[in-house]
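One structure is given below, represented as structure tokens, and several questions about it will come after.
Chain lettering (A, B, C and D) follows the sequence in which the chains are written, and residue indices restart at 1 in each chain.
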Amino acid sequence: MSNSAILLIHCPDQPGLVAQVTEFVHKNRGNITNLDQHVDRDLNHFFMRIEWDLTDFVIPKEKIGDYFSTLIGSTYNMEWQLKFTDQKPRMALFVSKASHCLYDILQRYGTGEYDCEITAIVSNHTKLAYIAERFDIPFHHIPITRETKPEQEQKTKVLLDELQTDFIVLARYMQILSDDFCDHYATRIINIHHSFLPAFKGARPYHSAFERGVKLIGATSHYVTADLDEGPIIAQDVERVSHRHGINDLKRIGKDVEKRVLSRAIYLQLQHRVLPFGNRTVIFN
Amino acid sequence: MSNSAILLIHCPDQPGLVAQVTEFVHKNRGNITNLDQHVDRDLNHFFMRIEWDLTDFVIPKEKIGDYFSTLIGSTYNMEWQLKFTDQKPRMALFVSKASHCLYDILQRYGTGEYDCEITAIVSNHTKLAYIAERFDIPFHHIPITRETKPEQEQKTKVLLDELQTDFIVLARYMQILSDDFCDHYATRIINIHHSFLPAFKGARPYHSAFERGVKLIGATSHYVTADLDEGPIIAQDVERVSHRHGINDLKRIGKDVEKRVLSRAIYLQLQHRVLPFGNRTVIFN
Amino acid sequence: MSNSAILLIHCPDQPGLVAQVTEFVHKNRGNITNLDQHVDRDLNHFFMRIEWDLTDFVIPKEKIGDYFSTLIGSTYNMEWQLKFTDQKPRMALFVSKASHCLYDILQRYGTGEYDCEITAIVSNHTKLAYIAERFDIPFHHIPITRETKPEQEQKTKVLLDELQTDFIVLARYMQILSDDFCDHYATRIINIHHSFLPAFKGARPYHSAFERGVKLIGATSHYVTADLDEGPIIAQDVERVSHRHGINDLKRIGKDVEKRVLSRAIYLQLQHRVLPFGNRTVIFN
Amino acid sequence: MSNSAILLIHCPDQPGLVAQVTEFVHKNRGNITNLDQHVDRDLNHFFMRIEWDLTDFVIPKEKIGDYFSTLIGSTYNMEWQLKFTDQKPRMALFVSKASHCLYDILQRYGTGEYDCEITAIVSNHTKLAYIAERFDIPFHHIPITRETKPEQEQKTKVLLDELQTDFIVLARYMQILSDDFCDHYATRIINIHHSFLPAFKGARPYHSAFERGVKLIGATSHYVTADLDEGPIIAQDVERVSHRHGINDLKRIGKDVEKRVLSRAIYLQLQHRVLPFGNRTVIFN
């Protein structure tokens, strides 16, 4: 099994950042296996992802964060996250009635493409319970009405915390989450929206796409924020359509785009390659 | 040289339409070389493009319209256009300061890819006059201010009429045309908008795309209507971008998408393959 | 339920073909809902797909073929197939050890996207039997060695005939079928090859793609012929890769392309939109 | 004007490489503005591109190579190239009769998208001389027959050397260069091949694509080696086609793919982002 550390860093740009970080790893006998950095010239902001082999690293795993913070992070006003490749990310899936994304994710999970734990499948409906059963994953039916939303979301939070869930994937979950819930899991909820955002925000995007007569339809995976369909975009893709495609064709073709865009976003998340900043993302790949 | 007729038809759907039209052609000894039809099930509307060889056709060219109208068109409440492949479409190009689309169009024209006449290059600036000169095409400098717009548009109309211009291509023309002008040339003005409509309507779409952090940028070619950026879409395409691309990169990459989307729209128009209907288009290809 | 007939026709091109066929339908009170035709100018060959509503059609379903053949087909030397939309195509799936295409197909089948019957899942391994079980579809383990191939293929034929199977999908089936088997099911076996054919024919295409340093990888769905990887192509697609992708990444990304190309080919087949001719296909869509 | 240095490095992988190089830059007061590295795990080989601002750099420009070689390069067995952003690359264009790539390149050059000098347009025909004239670039007609090839290539070499040409772009140049010529300009000649290599090597790829009935056609830009169409690939792209497209359509659509693939390769080359290694390329972008 791989035994590496991954640091995701960002801070105001200034001379010497790359050299400082690489020296920190190198001096302590870590072998850098991957390094990617980016400077946003408009914002004068620095972003970096560095991955190194821990085999000979002299700082114990549990102290790497401390040391890094003291020696470098605080000096340069860095915000950073530290991940270890031997710790499987723990992901919860939220679904409603559409099965295409769920099957796609579970097939990838089942064949080892996704190196993670699925802590739970949560749904406001029971329709897809049989799929959870087929894949032997705990299914939680948590129906939501306008009245019960606060308590049901609270119940969901408790459940996810108990299961030590790192992040949530809304795999065509047809419920708007409360601002509180969104804030609590900031940059930890990934949604798939069935349009090429910012076109066709909100409900029924395929109907709108049909009305507008577009020649391509798309899907967008993004972090969920309190501002609906406005969160940082992780992945997008499109598919060609024509006048021959009615609304049901758009839905059918769209499902394929949804599947592949969401699955790509999840893969990037599991590899710790997504760094959200403001309303944008840096994707290290 | 090819000697064919092309009929573009649309009307409320009803039984027998295809049979009636093909019989009309066949009985009069026209050989059908191309037929494409489409029924919009939501609108219950019928669309057709039929092309036939005129070599042995018994109805004289100048009377085909009359005969078709009398025998079939009026019976079925058809709206139709009749085109002949031996009549080159006459196209005017409107430009401002950006040369990429203009060069692309002129290269296609120069090598015979576009089978048409370019009647004029019209510009509100003089910057690209040298290109017109290189290609030996008349260049008309028609500067426009808020005050002079009505008279300058009138002057433009007179010019285009004198030149028997069939349609206008706005090849990155940075002036908003008046409603009058748009109406006068309804479905006869093709624009290229530098975004994937309906996302990023209006000015500075690359800036907006950058702000929103999209992962694909696009371009849209559409017929111009009085309602800005809302006309029927003819062609769209996108290109992948990432956080590494600043606004200037988006502009640079975007130019390539603009070029290929506009050139595709012009090609379809020259082949009489675009049938606008309401705010959508049927593309026979 | 829809009650339409679909005719797929091809023959040497000659004047009047479209008119004859549409008249046949129209005179007998069939309402044409879809017509697409194509003439290959190099081969001087005519192709057509016509779909009409049978509600008021005066010829009984079981006699349409006879009448069409007598009145039109034989006159014009047509080869034709007649399909009815109320008869679900019957499809068998052949798999080996990879599950991604199988899951994708079964999810589409389960949600009604594929309007067909799956008669059997046949495999030379037992690894995917559990998936068949989950979806409640009969699984047949038919192992094959060089020695047993003739008898096992014979056994397979008997099985498929009993199940009245219309066509076979090789969903990453890792066995080369005998020439006899291929001929018996000519244009009735659809394969997915994991490269952009004709590049990287044969085994281990991702290894070859890696060695060659290509910047795009692809997948190809085609009818199986005795000539390996040379049959008529139905659908192809590609995905961008880079030097960052090792062979395992190519395999991972390739799976997604395989899934979507194969699923598109199956969809076209189920809609009777594929007309193979020589080593090419006409796709009516 | 930008005043930066760019180092392109590759060597056998070993611990500490990134740290050593970044430290070299940092200690000498260079500010790293861009760093990208890659390790090929199969070959155990390391690749890096690093760009830094020279404003405060303490080593004089003309000595940077020496110092780097002595202090780091030789220790780690590195092969490296050093480039400066204030030195415009000098590019020669070879053409025959097709103008589409040439116009595309010259338009980009003329509007400043390509930051380079075009030293010459060389052609074995005179057909495109007028374009060189329009853009005011020296045109050299160097016709080649089987007999005259050695002397004409020699003449070409002398010309290019006099003009201090850094690299050559074959913009649809329809002559096979001798092995000697290819070796002399190893990884300094960029070609555009009008197919998705390795499919359809050699002459008349669109005819072969048509015969094979592919559903996508492509273009490939690669470094020229003595082994025809086998050199390291820089960029590739494809476009969708169908049975409706005859050979002339494939050629027409293919031109667009050729243009954009070649222009992308040139852009990468001008930015010193291409590192060929064996028969593959690392593209830092």
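Odds and ends about this structure:
Following the convention adopted for this analysis, a residue touches a chain if its C-beta (ideal position, glycine included) is under 8 Å from a C-beta of that chain, and two chains touch if they have at least 3 such contacts.
Protein identities per chain, from UniProt: A, B, C, D = Formyltetrahydrofolate deformylase.
Just so you know, these numbers come straight off a predicted model, no measurement behind them.
The chain pair from A-C, A-B or B-C that repeats the C-D interface, sharing more than half of its contact pairs by residue number, is A-B.
Computed from the mean C-alpha positions, the centre of chain B lies at a distance of 36 Å from the centre of chain D.
Averaged Cα coordinates give chain A a centre that lies 42 Å from the centre of chain B. Contact with two or more other chains is made by residues 244 of chain B.
Judged by the touch criterion defined above, the protein chains are all mutually in contact, each touching every other.
Within the complex formed with chain C, the chain A residues making contact are 99-100, 103-104, 107, 110-111, 113, 134, 244, 252, 255-256, 260, 263, 285.
Chain C contributes residues 15-20, 22-23, 25-27, 29, 31-37, 39, 240 to its touches with chain B in the complex.
On the side of chain A, the complex with chain B involves touching residues 38, 40-42, 47, 196-200, 211-216, 218, 232-238, 242-244, 246-247, 279-283.
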